[in-house]
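First chain A sits with chain B, and in the next complex the same chain sits with chain C.
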Partner chain A sequence: MRRLWIAGVVIGVAAPAWGHRPTSFDAEEIVTDPTFSWTIPGKFESGTEVFSFTLDYEAPFALPFEILVPTAGGNGDFRPQYVIVGPGLPKPSDEVLAALPDDVEIGADDGVFFEANDDDDRFLFFEGVMRRALVSSGSTAVALGAGTSTIWIWSPNEDLGEFMFGFGVEENFEDGGFGGVFSNWSDFAY
Partner chain B sequence: MKTVDLGACSPIGVILLTSLMAVGLAFASPASADEAVSTWDASRWSVGVPVEVDVVGFAVGLHPEVLYRPFNPDGGFNVRAAAGTMVGTELTLISPLALGLRQELFPTKRVQPGLGMGMQWQSFAVYGDSLHHRMDMYMELTVHTQVHDDYDVGLQLSPEIGLIGVGEEGLYSTFGLGMAVRLNVQRNSL
Partner chain C sequence: MRFFGLLLLLVGCADVEPTDACIEYVSCIQAQDEVNGLQTDLVRFEAGGACWTNPDIAALCDRGCVNGMDWLQEAGENLPQECVQ
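The block that comes next holds the complex of A and B.
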C-alpha cells in the first residue's frame, strides 16, 4: 500500500522584526514618543526642501543620531546634512551658522549639534531585512536638554537623493507599530 | 575566543524545521528498506538549471539544483539540494548550499504543481563591504510542465525568511526577507 500519510502541519508564528520604528514626515505627529528609536525616510526631489521635526523631553536625554543614504540608483554619494537645535547643546560657531539653511530657527537659549556628513570614509551598512546597502554619516550620541529640540535636514548643494534619518536605541512596538511597517515596508525596514 | 550562542537563535527556526519534517512525512510514500537504499538509480535523480531573479535585493543569476526521489522514482517526493550565484547592483548573492524537500502533487501528469521548503545558506557580498552570512528558511511554490520525455520547464516562486545570522561572534538571531523567482529547465532521469 502506498498512499499519503495524513499529518498535521505546524504553522510557524511570525518572528517579530526588531529595529528602528518607522514613521514619516507626512505623519500628523512624526515622533509620538522620543524615548525609543525611530527611522524617518525622505527624498529631496527639488534639492531645496528642508525637513524638520521636534523632540520633546521632560528631562535631559542622550541618544544616538545618524543620517543614512541608500546606495541603490547611484545615491551612495549623496551627503545630506542635519542640525539639532535645542537646549543643552553648545552655541554655534559662525562657521556652523553659515552652513545652516535660512529655515533653521535658533532660540536665545538654544545650542546646536551640526552634522556636516563630510567624512571621506563613511560606514557602509548592510540592511538585511530588505537586502539594501546604506551609507551612514556615522552614529553620534548627543545629550539633549529638557525641553524641545528640533532636527532640520537639508541638501547642502541642492543635490537630489533619498535618505533615512535614524535615532535612538530602545525598541518599542507594544502599541502595534507594525501597521506602518507592512503598509510601506520598502521605505523603512532598517 | 569565539562563542556560539545557540540559545540566541530564533525559536521559529525549530518550529519551521519541525514543519518541514511534518510536510515531508505527510507526503512521503512508504517504501521498503530495500527500495530506499538501492544503489545508483538514474531514474531517481533530476537536475535543474534555473535562471533566478531575486526581487528583494535585486540580483540575477543561475541557481542549479539537484533533486533526488528517495522513496519512489516515479513519485513526487524530492529531496532538493541547490547552489547558485546571483549578481546585482548593490551586492552579489552567493548561496553555497540549500537543502530541502519538494513535493510535486501530480508527478505523473504533464503539469506538475509543487510545494517545498528547506534551509538556505545565503552569503551577501555587498560591494565595498564584507560578506554577510545568513541562514534562511525558504518556501517554494512551483509548477513544471513536461515538454519532453526527460525534460520539464517550470516556474518557481520562493519566499525566504532570514532566521540565523552567522558572524565573527557566532550565530545570532536575525530577521530578513527574500523573494526569488526562477525559470527552470529540468532534466529528469539522469
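The block that comes next holds the complex of A and C.
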C-alpha cells in the first residue's frame, strides 16, 4: 500500500508539469513550427526596442497568446504591449493605430489584435519549472487566418524590463527543445 | 491511506472537460467560418484537445476563451449570433 501511495504522489506531482518550448529573438528561425507551444524571452534595455517575429499557417489556426513579466526585482508592474498583424483579423480602429509604434507594418489585407496590457488586475502565477512568479497580460485566444502573421512587441513608455512572450498549448520538446534554455539560462531564469 | 493513494492516481491521470467559455468560443469561430467558407483549426479547444490535458493548461485556455470572446465582441464586425450571446 505504501508503494501505491508513493506512486500516486509521483504521478500527481508530475502530471501538471507543462511548458512552452523555448526559443530566442536571436534565432535564425525563431518559430520553426507555429502549431507547437512556444515562449520567447526578451529584455527592454533602452526601452525603444521593438521585437518582432512571424508565424506562418497553411490554414486558419486559433490559439492563446499572452505576454508575461517576472515580478522579481520589483518590476511586476511593467506592461509591455504587443500587436498581432495578419490575415483573418479585424481592421484596426484609429485608436489602435495611434497606439502602435512606427515600426509596425500593416498590409492592405491585414487586420490586427492589439494587447494594451492595461488591466487593473492581472493574472499572477508561479511557474514551477523555473520557480519564478510572473504577471500575465491575460491569455487571449485569437483565430489567425492562413498566411503570415507578424507579432510586434514594445514598451509603450520606454520602460525597462524583461518579458516572456508565450503562445499555443501543444507541447513539443523533440529535437533538443530544451537547448535554448540551458545555453541561455539567464534569459529564462530570473 | 488507500483512499488518498487512489485519489492521487485519479487526479494525476484525469483529463479536464472543456469549459463553457471555450465551448462558446469554438461555436463562435465555427459560425464565423461557416459564413466565410473557412475551417479554422480549433482542435486544442475542443473536447480531447491539448487544452484539457491538465488543470493548468485548462485554466490558461479558459482565460483565453473568455478574453478572446470579449475581444471579438468589441472589435469584430458582423458577428454571427453564436458570438454575441
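Worth a mention:
In the analysis below, the second predicted complex is superposed on the first by the 168 of 190 C-alpha atoms of A that agree within 3 Å, B and C clash if a C-alpha of one lies under 4 Å from a C-alpha of the other, contacts with A are read in each partner's own complex, and residues count from 1 in each chain.
Just so it is clear, a residue touches a chain if its C-beta (ideal position, glycine included) is under 8 Å from a C-beta of that chain, and two chains touch if they have at least 3 such contacts.
As the structure is a prediction and not an experimental result, all values here were calculated from the model.
In the superposed model, A:Ala116 makes contact with neither chain B nor chain C.
In the superposition on chain A, A:Thr140 makes contact with chain C only, not with chain B.
Counted by residues of chain A touched, the larger count belongs to C, out of chain B and chain C. Of the two partner chains, chain C is the only one touched by A:Leu63; chain B is not.
Across the superposed pair, chain B and chain C both touch chain A at residues 1-2, 4-5, 7-9, 11-16, 18. Those residues of chain B that touch chain A in the complex are listed here as 10, 12, 15-16, 18-19, 22-23, 25-31, 54, 56-57, 72, 89-91, 93, 124, 126-129, 132, 134, 161-163, 165, 174-178. In the complex of the two chains, the chain A residues touching chain C come out as 1-2, 4-5, 7-9, 11-16, 18, 35, 37, 59-66, 88, 90, 93, 113, 123, 138-143, 145, 168-171.
If you check the complex, the residues on chain C that touch chain A are 1-2, 4-9, 11-13, 22, 25, 29, 32-33, 38-42, 44-45, 50-51, 53-57, 60-61, 63-65, 67-69, 71, 75-77. Across the complex, chain A meets chain B through its residues 1-18, 71-72, 124, 126, 128-133.
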